[in-house]
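The following blocks contain the structures, represented as structure tokens.
The following pair of complexes shares a single chain, chain A, combined with chain B in the former and chain C in the latter.
Right, the complex of A and B next:
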């Protein structure tokens, strides 16, 4: 779209004027961008190494074995150790630039003479502490956020595509097609979906994609009722009849006439679907039917935290992260809803 | 109206059949079915573990159980035939026997149901008791500091899922401050307590789970009440009432309030599904012996008769809940005539 309609512009103005939602949207966008660039600031690989006059950028790409820096091992270089080594060498030209948080989410960091979990501390660099196997919680939360948000956006796209297609077809064709899908939806909305997904997940051990598709398969119904009534209504309007009289086919009427007129309001459902997706993934991970370990996940952190209540930083970090993110997204959703439908009430007192 | 509900009841039949097909289909999803899977697991377990003298060993299944399960799922028969045989048993409320404990599934589930219903009913009552007055207050003070502040609190409770609030509560109020017990429905020594102690014990165990259960539906109800009342306050008939000389508070009480309660009635039946849906997580966190925990444990232990039984029974409850919702709406709002339009 090259230009926005005046209506869309007005909605955008209204959205911007709702400060709580607008700033939440900015905050969540920053979080998403930061999490997508997580490798650059939370990583056990160095950002940059200068060794014997050559520069290395290990962040992305293949691992650099220890031999690259004349260390006596073939596995991946331990850059934190390398940094300490370079520092201890007097007036050496070599240096290592580590990311802000020099740990990987799947890396177990062991402190000598102590067993994990380690408390949050500035000295060790684990600002939120580590989990039961010595993995940095901050790193796991950021990487877990990235997975959760990408997961829920993918889930949302699949559910919307199915929901819109089925709903629009139900409203457009009506009749037996409509009745058939009404029954299907009624069946699916009368079973405990979380439990069904747990059952299937316990049988097939899902990965990222299969879990998203599985969830989508049982949660596309929300959008259909809305699309169905909307298509039903638009279908009876004069412009659709006019298009039909001009000889437009089903697909032309559907995609060029009805959908553009009914779809914009779907934006108001978006943030709530994201919340739903994150919550679903976290619940499944918490119950142990989600993504396989060692995927960084908030649900798995919650699970560790509740089984080890004495290490409070574990559950507190996960609960805190969830609360912040879900509240921000809900604020955005509420503001969008208000921007689309500003209710001005008048009292007569 | 009557014909609508008659049709509604008749439609239970195809929906229920569909649900049974779905549930039955799940057991056929695994190549070889749950029986083969259990056998494989049992074999694996007995190979890795030294032969144990304990005949009730936690991993292995004996011949009897295998035969029983095979007969129960009818894996020796064609799919359609075994489906109808299973369906026939379900219709007679024979859900088979737990592969782990050997008890009839029906009894196991109905034993646990009261605990879940206890939480469900109390949650529902408390939610209505708190949300309706709060919603009214918020509608009347719309835009005032009280409205904004309570909105923020209610909203955060809405954004964070109930079970996460449950985890935070259990970790902070139970584990750290030790104000409440860590979990369970009642204490172990409940049987030997005096009546007042029993009540206190039950309440102590209920506070945190109830908070977690309520967190979700709380916001929805409060805002529903608030929005409905505000819409009605701005409606013409309230203006007419005040114009005719009714005081504002009377106009609210006698006119606006009644109509504002209708949307809450639509929500009534959904309470059943909320209870069942949230219970897997919350019952697990608080270790409450309801059907949610039963279902979770059955799944972990691959006790498929119980899993299927819970699916069938909770789906039935969902169905009833949805119809109950419609009844409530029709009862609360005589303007609504189901089935006469459309």
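Right, the complex of A and C next:
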């Protein structure tokens, strides 16, 4: 029922009026959408193939073996070669429509007679060049961005859910429960997360989910303090007492009265948590304790770049992408914070 | 009063721990309510008056079991609600309702009027959504609000209107007792009497008993059948309303009555002045709590705590060692005020 309170509307208006953050939000949204649709514009599979009167859409779904197009191999069709082949056939009806960037992030594109990395060139189609094993950097950056952003949004959802639940319960029930969790949180906060991950990574190879859950298990504590205080404060307010005087039960008070009034401000933390998530994943990948190769990753790219400084395009691409994205998200975060509390952060005016 | 009291409070105390410094845990307690006994009869209004900080709000909230009582009994309709577990308590809550002081604080800012007024029915009845909506409209009419404001949020209303919403919520489930915790003191003077009149009308219509808390006697004067005066966590005087105004027994009550603004400007001169601050309830004065400010205080007052006892035949209770002297003092003032009026 409380879909858009006037306060929310006012905050939205204020957010929109802060141009830097607003446009950053638009830009980052476009980037996310583009990265989620990356298969459609960065791919070594064709968007569309017309062959002998039939149409094929190889982008999603199972691989189409070369035999489909009467080639002499059973593995996945090389569409770039197919395209060249069709082009060379005079007045052929067949054609291949390749995506904008016809490379896959995990694909090694070797040029005969040369060793990778290949430098950026318009002719080869590697606009940002390739990395040390001939994989297109632009493709790896976009796919890496997708993984990083999905990773950090998943990570922050888990940390927020745990943090909100524990923090709210601490603030609401107080007493021994509160004290117990305070100590748990203090212990967890002092665990050096990097060592834990190094130990775990030496036992199992972490995948996307295990890594995210592992990180979440050690980073939900920050939210609890905030939620604890907030719940404590709301709980003492008279509208909550009024609900209690009516005979409302704990869950009703918690979910209908306290949480809706304390949770909205969490939005202000959101962008900063995203930044935190991306940074965490990138640094873990950089150190080699992150997602297993050949997952496209900024950290891994950065690592290649710093060990091979002479190929400037590698590190420059990674650093550039990282700075652009982190800056955009930070601008959004600042604007949201300002929109929520114009008195506290007025340096824009 | 011949009938059984609907609410009988006996020796109720509410202490809050006040933690000392972190190093030396010399915990002291704040005795916000310190041995209060009172009775409320069906359909009557008991006014409770005292300066801010005297514990009257705490008393109200403890009776409503919004605070846990530290000791003492709260018997409501024959049932000791001070000892109920939370489930049994929830069942009895609809019968004791609460109107809060600040209507800006007591309505959830994120709920619409209809959500706020539906809540009692959602919690305690099995009514369908349509039936609930009907009930809500009835309630709005009862408290004099238009029924087209269902989807508005509290902040779209004035203070007086909000308090009407708060009252509507309190009477939704036909309570027997409504505790009004300074329901008008946060409002504009112009709307105060409207709200008080609304409460009186509802009381008549629904047979409510009211426990009406106020910080000055003038508000309570018009509406209370009986009045209790509170000072530092204790009740110092309880009597039938008119009797209290005519002849206050306790020196503190005399100050309060004297402080009521008079309509006649010739009488407006204050004859009595309360000196000193309200002492801290963490370390209340020994003996009679009022002795630090009482013009009649003597040695006995500092040593012995006076009991709240009946001073006359018709249930006029007061807690003072020197009732005689106190009444003499009042008579002098009363005489002088009559002279002034002439």
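Throughout what follows, the second predicted complex is superposed on the first by the 339 of 349 C-alpha atoms of A that agree within 3 Å, B and C clash if a C-alpha of one lies under 4 Å from a C-alpha of the other, contacts with A are read in each partner's own complex, and residues count from 1 in each chain.
The rule is short, and it goes like this: contacts are C-beta pairs under 8 Å (C-beta built on N, C-alpha and C of every residue); 3 or more make two chains touch, one makes a residue touch a chain.
Keep in mind the model is a prediction, meaning the values are calculated, not measured.
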Partner chain(s) touched by A:334 [first = chain B, second = chain C, both, neither]: first
Touching partner for A:89 - first (chain B), second (chain C), both, neither: neither
Which of chain B and chain C A:252 touches, first, second, both or neither: second
Contacts of A:52 with chain B and chain C, given as first, second, both or neither: neither
Between chain B and chain C, more extensive residue contact with chain A: B
Partner chain(s) touched by A:260 [first = chain B, second = chain C, both, neither]: second
Partner chain(s) touched by A:243 [first = chain B, second = chain C, both, neither]: second
Residues of chain A at both interfaces, chain B in one complex, chain C in the other: none
Residue ranges of chain A touching chain B (in the complex, touch as defined): 183-184, 186-187, 189-196, 198-200, 202-204, 275, 279, 282-283, 286-288, 302, 305-306, 309-310, 312, 315-316, 319, 322-323, 326-327, 329-331, 334, 343, 345-349
Contacting residues of chain C [partner chain A, same complex]: 61, 64, 66, 89-91, 93-94, 96-98, 100-102, 105-112, 114-115, 119-120, 123-124, 153, 155, 166, 169
Sites on chain B touched by chain A in the complex: 11, 14-15, 18-19, 22-23, 26, 29-30, 37, 142, 155-156, 158-161, 163-164, 167-168, 170-171, 175-176, 182, 227, 230-231, 233-234, 238-239, 242-243, 248, 273, 276-277, 280-281, 284-285, 295-296, 299-300, 302, 307, 310-311, 314-315, 318-319, 322
Chain C-touching residues of chain A, taken from the complex the two chains share: 1-2, 5-7, 237-239, 241-249, 252, 256-257, 260-261
